[in-house]
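Both of the next two complexes hold chain A, though its partner changes from chain B to chain C.
This part shows the complex of A and B:
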């Protein structure tokens, strides 16, 4: 009996391992291939390159256009995410706690970016903002305004999920009875307790802005070159150069994710997400 | 003059009146319980006293001051919430100190006050722990300390024990009562638990459907319910309508339309035994058959059919009750003075 049951158990353990291995291979193979392509000096008729070089990295990092593109993308990202969080977090909180009936409207509103194809949305925006008293098309401001709309779903989902884990209304009322104002209670009690969700929102939004191409290309074009547009231009010049940009982009996103996740774990000593059951009450 | 006056308070939610001209008074240092089923308006009234919801009409007077239109922070009330509402990002010490910090007190000034409260709730050594690291009972005590540390004029407790298991509940309600007596704190406690209300309170206000049904001491409420609702809610009272009773039963009862009888005041004797002990002060309810019996710890509860009437009888679980089981024919006797006539409108 024992002999026959062991192989069955092994087969059961092997199943998920194979699935995970295939999934990881599927996810990482393109990245590994891109990395190899970016450092390949000679790669013609073999599985792996026959010689390696970092010259493409040297080339892009010595190109001021690339560095400015990174800085511009960072600027747009920081401004958009800051604006998004500053507006959306209080709005989500107020609707969820004080006007739950109206939350449905916000839910519909945050789904709209998924409903409109980027090209359609971009053409509409160009028509709307190319004239008028303050023409915005071609400036960084239209990019920030559009990205603000696009990152709404990420902020809403992350922050709302965090809010569901706390008794926000009770916490606010307790703080008010204890002598706090509403704004102070929000800043000192609610915000620290939805911090992890806010950081996830920040990370998702920043990654989205960093990787966005269509809106940037159509609304601002070459006047405000971002990383994605630099990448598009690099692809026209040479494959390995474009691969080096892609790998650099991935490393940058990994770095930002790491920093944000580390900040998210920074909680007061012993602060747990869920209360301890039972206890020593007597 | 009373310390707190809830003066004809009315509150309506979406065309439904949830508080219908509630009016009662509380003396300084008194422990008053608002008792009633879910949705009766007791928590709404408590929240109105705290200033968390506005009222439509009436007024709330505390210590001679009309606080009806003041914000929660101006009312000088302390409140313990059903969910405790401890701030998860703050330690026990910081939670208790929060209210004092809001009064702009310096750390040097508030530290001894917080430490005194921690000692009072017996949580020394837990000052630096976070709410999630505490048990439910400990969290409840921290919430109590946080409400008390500012020495409010009135302490409001919104079903603070309902999330705890029975043993811890019993322990904590005694602890709450002891602390309240020690500090002589005027307290309003909200619960739907009759046993809790009867054991902890100086006075009880029974509420139903936004209306105050009755108020009185626990003994008054239990022994002399004024309405059918109170009789049924406060205990397993037998409530009989006039038409349910036979002519011979009616002849012995005081005149009324609705009668309430406590189950423990009825005596039962097996039909074949002598009943000579019962004199003229006892009324004979007649003969019936035990349909069902159940053990409630030290008490046996019998469900007895007497003609068209269902009678609940509680007897101390002793040797006598062993002679009475399901199917036994019994005679029932009731002291005349224990038959309460209820307000028929209720």
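This part shows the complex of A and C:
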């Protein structure tokens, strides 16, 4: 390091490559170990398994309890994300284009879940919604209600930055000058142009729902077993089948991350935004 | 800004109504309810500071607060140091490789909670692959490592802090301009002196901001510790959950007081972050 007094030329250095290789090894080690565990047929006293099998995957994918847990989680995810988008996208749009002063309030609401993590937020929720006029705990409805709150940041960030890239304000003004109504312009011009950002929001929300454990545990418990609850219970009974669940979960996350990255790279459908000089960044 | 008429204004605010109701019902009311409960006595009546006094005088809750802070601090410090080294290394890589590393980090941030605890049990649990390997190699001191202790928990926390820290720290390096390095090199400074006197001080506010996010991230965590040791390890989040949904008789009032304490510590960390971000923005970073 000390000797690198040629500042501009970015030479191939060995140091950074080694550091990153060690980092990747460290990050992937638990995942590889889980993968090996899930396909090991015989792994008693050797460093690597002596024979392999896919039977644990067959086992979990023929276990109705696991399949139902996946279906339940999917159902919660689909309902939460559709509700979240239907409620939030118009609000983000209206605030961004017509009432920018009020955006700060939405930003605070979006940030609140970070200050009140699930384990804290759950207390008030249990007290309010177990019994009383609206008994929701132990049902799918409470999960949808709180996951909606938890996915707010994803939807806000993705949709807001898409609106920014397409310069939604200019587009709306142009549409109105050309005689289009506001609702019409929103549905036919804005929505088709922000779909990729919206899709990113959906996918991030899905990976959140599939990874959420605390709210599920505290608010619903065994009555509505989601994937993470299933994993927690399986972990105590059978190591190999739990590891098959973990690997499946990780493949799912891998897939979602890949799609998000692809979508993030593409430009919104055919529209070439002209960056304003000195304009909004990010 | 686009123009609107008064009636349109009303229609647009109507669009916001469902979200307002939702936020009130499932975000604000529960928080308010928790605040109220934290000032009630055990039977849920009256106004008292008793729960807070209990939280700050009983050994078990003081220890939980202390343990939570300790685990959060250590995991954040180690996490951020490793992230700084790796973040710098990432800036030295080619662009395609850089994107891929960042994608991997992003993906691994999802690997927390139950799956993470389970993976570490497979590796380092009582019959874990590495535990057995160390035994075979005769490395007894390593083989005796007990995952189900504070050190084990720290290991898990550090693991999940690192990818998040990298994602947050990496952009900070963009603030360090190549010209500064050139200028200081021309003036005869070594790379070490550049980082010691220019690089690190310039990055410090952003680093502290990231640090506070990591602290909050560790303080609020529950699933990882719970999956590893059940309710055995004495952390604030574990105590809170045990008080309201555990096997023991629930005590929402005390649980609420502990939750308010946890939330206050986290809010403090977040304000620190906000403050540091503004500070570094003013300095043009």
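Methods note: the second predicted complex is superposed on the first by the 233 of 282 C-alpha atoms of A that agree within 3 Å, B and C clash if a C-alpha of one lies under 4 Å from a C-alpha of the other, contacts with A are read in each partner's own complex, and residues count from 1 in each chain.
Here is the rule we use: contacts are C-beta pairs under 8 Å (C-beta built on N, C-alpha and C of every residue); 3 or more make two chains touch, one makes a residue touch a chain.
Quick caveat: nothing in here was measured; it's all calculated off a predicted structure.
Novice: According to the stated criteria, A:98 is in contact with first (chain B), second (chain C), both, or neither; which is it?
Specialist: The second partner, chain C, only.
Novice: Now for A:192: first (chain B), second (chain C), both, or neither, which partner does it touch?
Specialist: Only chain B; A:192 stays clear of chain C.
Novice: If you stack the two complexes on chain A, which partner ends up touching A:164: first (chain B), second (chain C), both, or neither?
Specialist: neither
Novice: By the touch definition at the top of the document, which applies to A:262: first (chain B), second (chain C), both, or neither?
Specialist: A:262 contacts neither chain B nor chain C.
Novice: Is A:176 in contact with chain B, with chain C, with both, or with neither (first, second, both, neither)?
Specialist: Once the two structures are laid over each other on A, A:176 reaches both partners.
Novice: For A:235, decide between first (touching chain B), second (touching chain C), both and neither.
Specialist: The second partner, chain C, only.
Novice: Residues of chain A touched: more by chain B or chain C?
Specialist: With both complexes superposed on chain A, more residues of chain A are touched by C.
Novice: Intersection of chain A residues contacting chain B with those contacting chain C?
Specialist: Residues common to the chain A contacts of chain C and of chain B are 173, 176, listed in rising order.
Novice: With touch defined as at the start, can you tell me which chain A residues reach chain C in the complex?
Specialist: So the residues of chain A in touch with chain C come to 1-2, 4-5, 7-8, 10, 13, 15-17, 19-20, 23-24, 26-27, 29-31, 33-34, 36-37, 43, 45, 47, 87-88, 90-91, 94-95, 97-100, 109, 111-128, 145-146, 148-149, 169, 172-173, 176, 182, 207, 211, 213-214, 217-218, 221, 228, 231-232, 235, 239, 242-243, 246, 249-250, 253-254, 257-258, 261.
Novice: If we count contacts the way the header does, which residues on chain B are in touch with chain A in the complex?
Specialist: The contact residues of chain B facing chain A are 50-52, 71-73, 75, 77-79, 81-83, 85-91, 98-99, 102-103, 128-139, 146-147, 150, 164, 168, 171-172.
Novice: Given the complex with chain B, which residues does chain A contribute to the contact?
Specialist: 166-167, 170-171, 173-181, 184, 189, 192-193, 267-282
Novice: Can you list the chain C residues touching chain A in their complex?
Specialist: Within the complex, chain C contacts chain A at residues 1-2, 4, 8-9, 12, 15-16, 18-19, 22-23, 25-27, 29-34, 37, 82, 85-86, 88-90, 92-93, 99, 101, 103-108, 110-116, 118-123, 129, 132-133, 136, 159, 162-163, 178, 181-182, 185, 190-192, 216, 219-223, 226-227, 237, 240-241, 244-245, 252, 255-256, 259, 262-263, 266-267, 270.
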